[in-house]
Amino acid sequence: MSEQLRRRIFEELEALVLIDPHTHINPHAAASTTLADIMGYHYYTELAHSAGLPREQIEESGLGSKEKVGRLVTKLGDLDNTIQVSWLIEMCQEFFGFDDERITTDNWESLYDRAAAKMAEPDWEEQVLSHSKLEGVFLTNDFDDPLEGFDTSRYIPCLRTDDLVFKLHEPSVRQRLAKATGIEVGDAKTLRAAIGKLFEHFVSKGAKACAISLPPHFYPTAPSSDSTDLDAQLQFVLSDSKARQERLNEFDDDLDSEEDVVDFATHDFVGPFVFWTLAEMCAEHSLPFDLMIGVDRAVYKAGVYQGQDLYDRRTTLYYYAELFNAFPSVTFPISVLDHTANPELVSYAWIFPNVVTNGHWWYSNIPTFIETDTRSRLEAVPESKIIGYYSDMYKLEFALPKFRMYRRALAKVLAENFCIDRGWSESRAIELGKRVLRGNVESIFDM
Amino acid sequence: MSEQLRRRIFEELEALVLIDPHTHINPHAAASTTLADIMGYHYYTELAHSAGLPREQIEESGLGSKEKVGRLVTKLGDLDNTIQVSWLIEMCQEFFGFDDERITTDNWESLYDRAAAKMAEPDWEEQVLSHSKLEGVFLTNDFDDPLEGFDTSRYIPCLRTDDLVFKLHEPSVRQRLAKATGIEVGDAKTLRAAIGKLFEHFVSKGAKACAISLPPHFYPTAPSSDSTDLDAQLQFVLSDSKARQERLNEFDDDLDSEEDVVDFATHDFVGPFVFWTLAEMCAEHSLPFDLMIGVDRAVYKAGVYQGQDLYDRRTTLYYYAELFNAFPSVTFPISVLDHTANPELVSYAWIFPNVVTNGHWWYSNIPTFIETDTRSRLEAVPESKIIGYYSDMYKLEFALPKFRMYRRALAKVLAENFCIDRGWSESRAIELGKRVLRGNVESIFDM
Amino acid sequence: MSEQLRRRIFEELEALVLIDPHTHINPHAAASTTLADIMGYHYYTELAHSAGLPREQIEESGLGSKEKVGRLVTKLGDLDNTIQVSWLIEMCQEFFGFDDERITTDNWESLYDRAAAKMAEPDWEEQVLSHSKLEGVFLTNDFDDPLEGFDTSRYIPCLRTDDLVFKLHEPSVRQRLAKATGIEVGDAKTLRAAIGKLFEHFVSKGAKACAISLPPHFYPTAPSSDSTDLDAQLQFVLSDSKARQERLNEFDDDLDSEEDVVDFATHDFVGPFVFWTLAEMCAEHSLPFDLMIGVDRAVYKAGVYQGQDLYDRRTTLYYYAELFNAFPSVTFPISVLDHTANPELVSYAWIFPNVVTNGHWWYSNIPTFIETDTRSRLEAVPESKIIGYYSDMYKLEFALPKFRMYRRALAKVLAENFCIDRGWSESRAIELGKRVLRGNVESIFDM
């Protein structure tokens, strides 16, 4: 009975047309052109590498698309259990008529060719969107993205701000900022002005969110009202390397390399200041500020591209309370990297009006964790404050299997923990499911 | 089959008359008089506020009971998913003949009036106790409660000690202590004597436990045998504000305000000393010491009354090992605020004879977490050391839906993980359920 | 349907003959001789003590086997719920024809006698191995074990290294090391040489792994290239107590006892150096290095033998990233003590090619946690990198109930989360189960 109930609820949820509130889609090349676009997704390259395929073979320069897929396929037998490979199979079945259980060294070539032919059809992008029941896709735009040449009502801009908070010491970032805003940043005042310009540009182009990913040991605190220290640190960070070398002796003796001082100044002064300024701009422009909390970059330095990041499980929202208190008018959709951070997120979203739970991010994005996290959110967070899911995809084809995984988990929770455990009617459960899948995306991002 | 099994076990557990081992009931006004007593419970005010109802509307001075309920009802549509609202519906169905699925702006007024009429019946308190199958209710008494004017065999005193550990610097607390004990506290010796008096009073009135809630960064350690430092800190804390101002220069330069020094002295010296003294008195008077670990007060400062507290998920029992070692004769029923602290609690209760698992507290008190926590405790902690549940209620009507939620979770675990997974007979599973629901309350609190 | 499916998969998994990749078996006395060998296992003594049996009664000197069992039996009624007691019942049913539901003061003596008679049969060890479907058993050998007098293809040596990392300051450890290697250790160079000798000996005897358990606050870092400091610390640790006393003044004023300095030197210098050297030797000799992370010894000092250890739940793999990066050729099968550490382990095994998930250790070794941990690993870690289970047993009889508990959990996950949730065929699910139960033990430990 329970399985049939799940299926019926799942089918109702499947019928819903969605807006995907966080992706890495390039709106100028949204769909894939070969299977290498799909299997080149870091989930497959990193898992193949984890199972023993040398990085050099995966990232060999000049490697052709077909050859790359062929190499990755040799490792699929060791990854067959993973939910990520189940997405791959589901994409191939849904989009390319694949009907085997596994992709193997025997069957991949014909699949590759069939997929390539299919993707070459002129309306492939439309086919994918329509078949995936997707009508809106949030982007992740660099701060200097002109946001031109695509339909911003379908591909919705989102201002991604990691570079501003963590990489201002890189000359290329400062140059991009100057070019995008016409402002040469030299101190807190000009930096704030430049950030303001970016927000004006994004909002004028229909941006619906500002977003950032944050490392485990980032502590958002209000800048001191005395900005002397900050300006000194900021000027150091904004200097060129030669000027920094000359000023090294101004700093603490423990920090004896340029890199150390840049890290310290960024971590303790400049990063928090830029971050706080972003929150102020979100308040001013009524933009939600997506926080993706807990990722530490390049932990596994020899890993494949985008397959190097991990976390420290001691990351806590406790350090974010000051931020939530300081910006009551800003909505913070929060994603956590680690499943064990979810109960804390549930509690913070339960108490803080401006904290919203947002999807199931990255290492938490597997059914074991999604089911528990979803159930706990649905039991304790106001239903208006739960954003069910986002795909985080780089290519459009991924929305279908990822959202389907989520819909299955959601249907299971609704069937077992609402209909059976709590005696809800099926229609009431479906209504709740639709709200977290779609309705809240519209209301929270003001669409 | 599994669902019928759950139901049968649940019905057996439902038949059991209980003692509720932790509540905030006022024995002089135990039951509600209007729906505002029920919906004014912080779970509803904080969730309504979290969903967008301004605090000013909830806590407007002079607001009438009916108007307050009317305002809260406007937000119930956004909270309909929560388990807390399911308690509300269940109370209204069980006690007031409500038979809709939801409380809405259309049906709440008649419900309000019907409830008020029902609650006005002279034996309402008896009706609630009897219908809820409740024969004993632990209280949470201020240390200076005279414990008079009520039946202490039904409403069982419990000495709550937060104020003594964390608020001795407040003149009103010192005055209450002096009045209650006849002792003017000025140093460690008189403080210990005063605490001893409180215990004598409580024990003479039939108190069955001492209790406290503790913040994440509290570290219980034995006071140094050299009490010079302690007495200095204690005298500072016990001084009036003027005397403190004059003595500020005795302290560390980093602490430059009176508040900082009070915090430091309380956190590092006075609080741990009082706490340790409480444990000593528990040993002397054979009282269990309920520890509710991990709550940080006023994290969300603009929140509604009692809706401001959260936690830091890095809280660990590791810091309590010294305490558990030092007081082998004291039973410590432990509650943890954060679901992810439960595995650690299971391990500590597995090893330490004097550590007992106690209910499902606050942010952990939702079925997702209760089921897992219950199952893990039942698999690894001696069954004599598991206190299944307490309601934590402020008004009697809450015992019914809260214990029912727990009974459902317990029945599910017994059915699925004992009868099905381990082949237990139904009667054996029910026997275990009854022990954690009722038997252990009697044996652990010596009733 | 789901229960029948589970049963069918379980039966297929039960048919598999296994190699147990981590135990504490003494190959010279592998099986039990009386029920006291079984009930003397620390799981039973510590649980009986936790339920109130005084340590003095359990560990009374000169206590006879039968009397000891009789005393422990008096507490079984309070432990009847635990999964550990279910192992005991299952052993008695499988091996000694016991057919009651519980062991009580009424039935234990005849059971004791029957068990003793059975265990006295000359081929008892063979009977247990055969009935338990066990063909290989990894040992935990002291570094100075001669590894002689037993069949190393059945009882597979494993070099246990806790003493080398944490106890080099004990004269007996240094003497054992000198005796085993013929090298008098005096500095980093001779210490490295001695460790090299141990590896040569173990590898020549067919050892298949190096292993260690690590405390919560151990931080593995590469030794500084300047070894002056290290040699000073090492010489201090290696000195006799008298020489240490004389040199105390060389050290930090904060450390004023010999014990403090030894702890500091071991924790900060010698331990990490030895640990790093072990990893280098694992690389050189192609041995996997089993890390069992998170146990703090003697937290409950008054506990029974082996029933004193607990943990700090803030332990994180984040500190191990440097190690995993430094030794790409060494496979690290990782066990975590705390269930809430499992999601982090899943993520690290997902990314690092040399990190492998290893079993369900100690406080995590109960079905509640095994099911979730197993499911998450099977959804996100390459299937070639999951070692399903080890028994950790001290006596052979435990393999049967412990592996059976795991097989039940695994069958449940395969049935519910692979066959039902993901539509896998039964045979495909069984194939995956067999790989994590047996296949990976062979491939990862190069058997």
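First chain written, first letter: the chains are A, B and C, and each begins at residue 1.
FYI, contacts are C-beta pairs under 8 Å (C-beta built on N, C-alpha and C of every residue); 3 or more make two chains touch, one makes a residue touch a chain.
Computed from a predicted structure; not experimentally measured.
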Enter the minimum step count from chain A to chain C; a value of 1 means the two chains touch. 1
Do the two copies chain A and chain B share over half of their interface residue numbers, or under half; same or different? different
Centroid from C-alpha atoms only, then distance chain A to chain B, rounded to Å. What do you get? 39
Quick check: what residues of chain C touch more than one other chain, meaning two or more? 314, 340
Can you list the chain B residues touching chain C in their complex? 1-2, 314, 316-318, 321, 324-325, 328, 340-341, 343-344, 346-353, 372, 375-376, 378-385, 417, 420-422, 425, 428, 432
In their shared complex, at which residues does chain C touch chain B? 3, 46-47, 49-52, 78-84, 86, 101, 216, 296, 299-303, 307-314, 338-340, 363-364, 366-369, 408, 412
